[in-house]
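Look at the two complexes coming up: chain A is in both, with chain B in one and chain C in the other.
Let's turn to the complex of A and B:
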């Protein structure tokens, strides 16, 4: 890995580079910038909901609707995807022992489409909600915001297809001939799985966006019931892409935990084969469950049963990941340094989110939870609890390799405690709020239900804790990359020499042999 | 590399729990969707941003719905503009109002009182305020 801050280069050299680590840094910086921009929107939303009926911070529902829409789009497409691509860019070529990504220029092009898409989403600031259900997005959503949203998503979709093609070719065609596919590290396997899923799933949504655009222009009526179309068709197209997309967001984070957990448990991974099997299973079964987002749209009983079975079928594979992590840690000499703390916390939250997901997919229970704050809590447990924790773990893990310096373990612990406690308090509480019946995506709620007010306030306090934890994160990233102690590059955490670090794989002739 | 018995036992337990969840929700859902034959039809129409109701005898109501305790009611849910979701959380009545479609949900209240009605699918500007109330009254006719 390049020790960036010890050998500074002019920034334009990184920006116009096509080298995989440079493109990886660009993705990471981009993702982190938008993590904080989306985070500010989240803080506005939660603070606003702390005071029902008072219009604090946001005094009209139009602005509020735009804020939660852009918050969702930012966190999913401008944070989760770019960050996974960034870490994938840095590590995947090293893991398959190739000099770069298969198509370096395509890689840079795929990255530079992201700022364009981001500009369209943020300047448009649409109010369609991130799912942008027809016919609202077709007949009622104000332009040009909704049109800019369509073009922004279009560009981000093309970018993610391009980078997926790159990952698939790099892993399948460019890996070292001595390295069998079965022995490719699990993080690279997760990137391979999600890239294949993106290539299969994304074109459907791209088509739906074009149809939505022509509908909005009045040229067609695919989703417009007043022109003979059917809004349910949009839901099918959308969820056919975006249920698999849930796994596309999730699996790289699981792959990151596979990098961290064996190393900090000072034990070999329990089973590479079951990790690979579980990734591939999730990649396939992820396509069998999109209808569980649509139980209440008037689906008949048989269809609901089919999609319930498809959804439940994904659970054993997720369970195998959790088992694999626990069995790896079992009997290990675990070192709870920051990456391990976040990885283990992430597994715990992944498990709770998954358990909540089983309840969601059971048909009668879905009619209680669907469209309420239960779902908000549930998917944020995945998004912050698993993806956020996996990402933060990986950033702490890569920190010495990128900067040559060490972060401060005490501040990292403070970050962990605040973030874990905050996540549990915010999103477990939102599950209860959902059971009380509070709908999601609301600007305001009636004060006569005192439990709604109380639960919202508890949830908001948790959200402030998450916000504070990320302020600590940002400050320590900046401060310790400039002023931190120099890291011992052979063994930054003192785990003992025989455990693999990424730096060793980059220098096969020095250091320890990796895979 | 390699699995052992512990992993297979774990997977078997997970699958057993899932089978239980699946079978149980199958049975509950079957029961939930079994509409009583004598259910009275109420037409529910969602539009930005209120609910209107039409009883079988032609009585029309806006925002507030009056029903009688001990009767079964079948809601025929429609929308006049965008997607809404008709929801009475206390009676677990929940079904989307999709323009161009008619969806169904039923309930049989057995307790007198006033309960909130709301929209649970994002439908634009005043989605948060698309609220109504359900009044369940004693049936004096019998």
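Let's turn to the complex of A and C:
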């Protein structure tokens, strides 16, 4: 894959390859394409909300519901997971010093299920919101869109499980005998943790999807109150999977920061052991807090307290990562190239999002913020502020490795400034909108609420800044992958020494050899 | 500087943890002194929680401040930071280990 554009191979050769770098490359391209498709939907949503009462861009609420549903599904399952899998596919075998993933064909099959699932989600364009809560999703949601959503999610879920099995076996069974598990790099540890979490969590949602489908077909009534079912049961099944899934999205981004921060600080990681411990702790604690999404469903006080404590238990483990990053930077000689800028920005926003999470976990405050824009702001601060920044940092970091060329640092800086400022302006403002009482997922709002209008417009301007930053990103990716200066593959950022260990990896297409 | 930041952090955290306890204890004491006074324990628990939230934000401010200082102090363009670190003499500075270096 290295120097792909200098020594191009036919596209079909990459598409039908089972080599881990090729499959990783396919995942990355797939994820980036859907990042921009989901981003266009986000711009439509925010621009529409800039002009209350006018129906700008979206003329009816049903279409609006479909747009934010597919936006959420795209960003979570067609961008975040594939990009993490892509980077994981490229780096994990190298990190554990194995020739490929444990099951290369299974790896390729897992990838090729993604376009099928994506096609079902986009062609169906369901209106259930990404959580697809019962009873709406089983009683009223129009078919075939909702049915295509079920099958699309089913396929993506199976793909996740297959790739997770592959990561677990690769790391646990195929690592070099001289490499103890303790010394496996932390990005590989993050992939191991999220893979184990996926294997445990995903079957529950798979079962819920089957139950939802049979409910829709009238064969059962698990979640249908008219047939004696309980919609709250769906919420439990859904959040048992998808609260851990939050960590499944998050931890690879943290793992990527562990790759970048020591290299650009020019010193060793402060503590490998605490990083491993924090990953494992978050992997366990992730399963102890799903109920905090459901405080307002009539849960008894004791249960809510248990889930509140379970949620707060994530704070020390998250703090360990942050302190590890800061201690690593301390005493270093830091070069703020694009990967480092995005990594440090991601840490700052991770902490801000975590502070909002502490408030969410408090029952009395949750009753106020539940179902409001506060939740939208909090969730996006994690998704863009941490996961987005981590992934973008890693894409810049991998850019020379994949293309053999360098991106332009000035344009990357412009991307960072716009994205950071835009993220703060958009999502901090949405927290305030939530406290002002604006519900989430609304098509329109009364213009008499001037504070809602003002805050929405501030938020939308921030979203446009994020949009502009990603336009720069896309243009840079395309232009500099073809026209950028050739990178010094031993040391692309001039940090000194031989930093860039992926280039020493065994390359199936000639070029470098190592290990 | 490092010692000062650590000292301030510890003092702040201890103060935040102790002050609510004193308040809580004095509230309970007041209840025993006057039977007519009623303290809603659940509300007190929540007050405790909100104070802990304040603690979380205080820690957040300290961490954010530390991060801003770190970025300013340890950037390579800082005049105080011109000399290469001891790890930069290694072929791969990230391959070392704090434990092995005796930290």
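Following the convention adopted for this analysis, the second predicted complex is superposed on the first by the 499 of 515 C-alpha atoms of A that agree within 3 Å, B and C clash if a C-alpha of one lies under 4 Å from a C-alpha of the other, contacts with A are read in each partner's own complex, and residues count from 1 in each chain.
Keep in mind that, in the parts below, a contact is a pair of C-beta atoms (placed from the backbone, for glycine too) under 8 Å apart; a residue touches a chain by one contact, two chains touch by 3 or more.
Remember, predicted model here, so these are calculated numbers, not experimental data.
**Student:** In the superposed arrangement, does A:296 touch chain B (first), chain C (second), both or neither?
**Tutor:** first
**Student:** Output check: A:272 vs chain B and chain C. Expected answer is one of first, second, both, neither. What do you get?
**Tutor:** After superposition on chain A, A:272 lies in contact with both partners, chain B and chain C.
**Student:** Based on the superposed arrangement, let me know which partner A:362 touches: chain B (first), chain C (second), both, or neither?
**Tutor:** In the superposition, A:362 touches chain B and chain C alike.
**Student:** In the overlay, answer first, second, both or neither for which of chain B and chain C A:409 touches.
**Tutor:** In the superposed model, A:409 contacts neither chain B nor chain C.
**Student:** According to the stated criteria, A:496 is in contact with first (chain B), second (chain C), both, or neither; which is it?
**Tutor:** second
**Student:** For A:100, using the defined touch cut-off, is the partner it touches chain B, chain C, both, or neither? Pick first, second, both or neither.
**Tutor:** It touches nothing on chain B or chain C.
**Student:** Determine, for the superposed model, which of the two partners chain B and chain C contacts more residues of chain A.
**Tutor:** B
**Student:** Which partner does A:315 contact after superposing on A: first (chain B), second (chain C), both, neither?
**Tutor:** After superposing on A, A:315 lies in contact with both chain B and chain C.
**Student:** Between chain B and chain C, which residues of chain A are contacted by each of them?
**Tutor:** Touching chain B and chain C on chain A: residues 271-272, 315, 319, 323, 358, 362, 364.
**Student:** Mind listing the chain A positions that touch chain B in their complex?
**Tutor:** My answer: residues 61-62, 65, 127, 129, 131, 133-136, 139-141, 225-226, 229-232, 271-274, 296-298, 301, 304-305, 308-309, 312, 315-316, 319-320, 323, 327, 358, 362-365, 367-368, 370-372, 436-437, 439-446, 449.
**Student:** So in the complex, the part of chain A that touches chain C is made up of which residues?
**Tutor:** Touching chain C: residues 262-263, 265-272, 315, 319, 322-323, 326, 329-336, 344, 347-348, 351-352, 354-355, 358-359, 362, 364, 496-499, 501 of chain A.
**Student:** For the complex, give me every residue of chain B touching chain A.
**Tutor:** Spelled out, the residues of chain B in touch with chain A are 1-3, 6-7, 10-11, 14-15, 17-18, 21-22, 24-26, 28-30, 32-33, 48, 81-83, 85, 87, 89-90, 92, 94-96, 98-104, 116, 118-129, 131.
**Student:** Would you pull the chain C residues touching chain A in the complex into a rising list?
**Tutor:** 2, 46, 49-50, 53, 56-57, 59-60, 63-64, 66-67, 70-71, 74-76, 81, 84-85, 87-88, 90-98, 101
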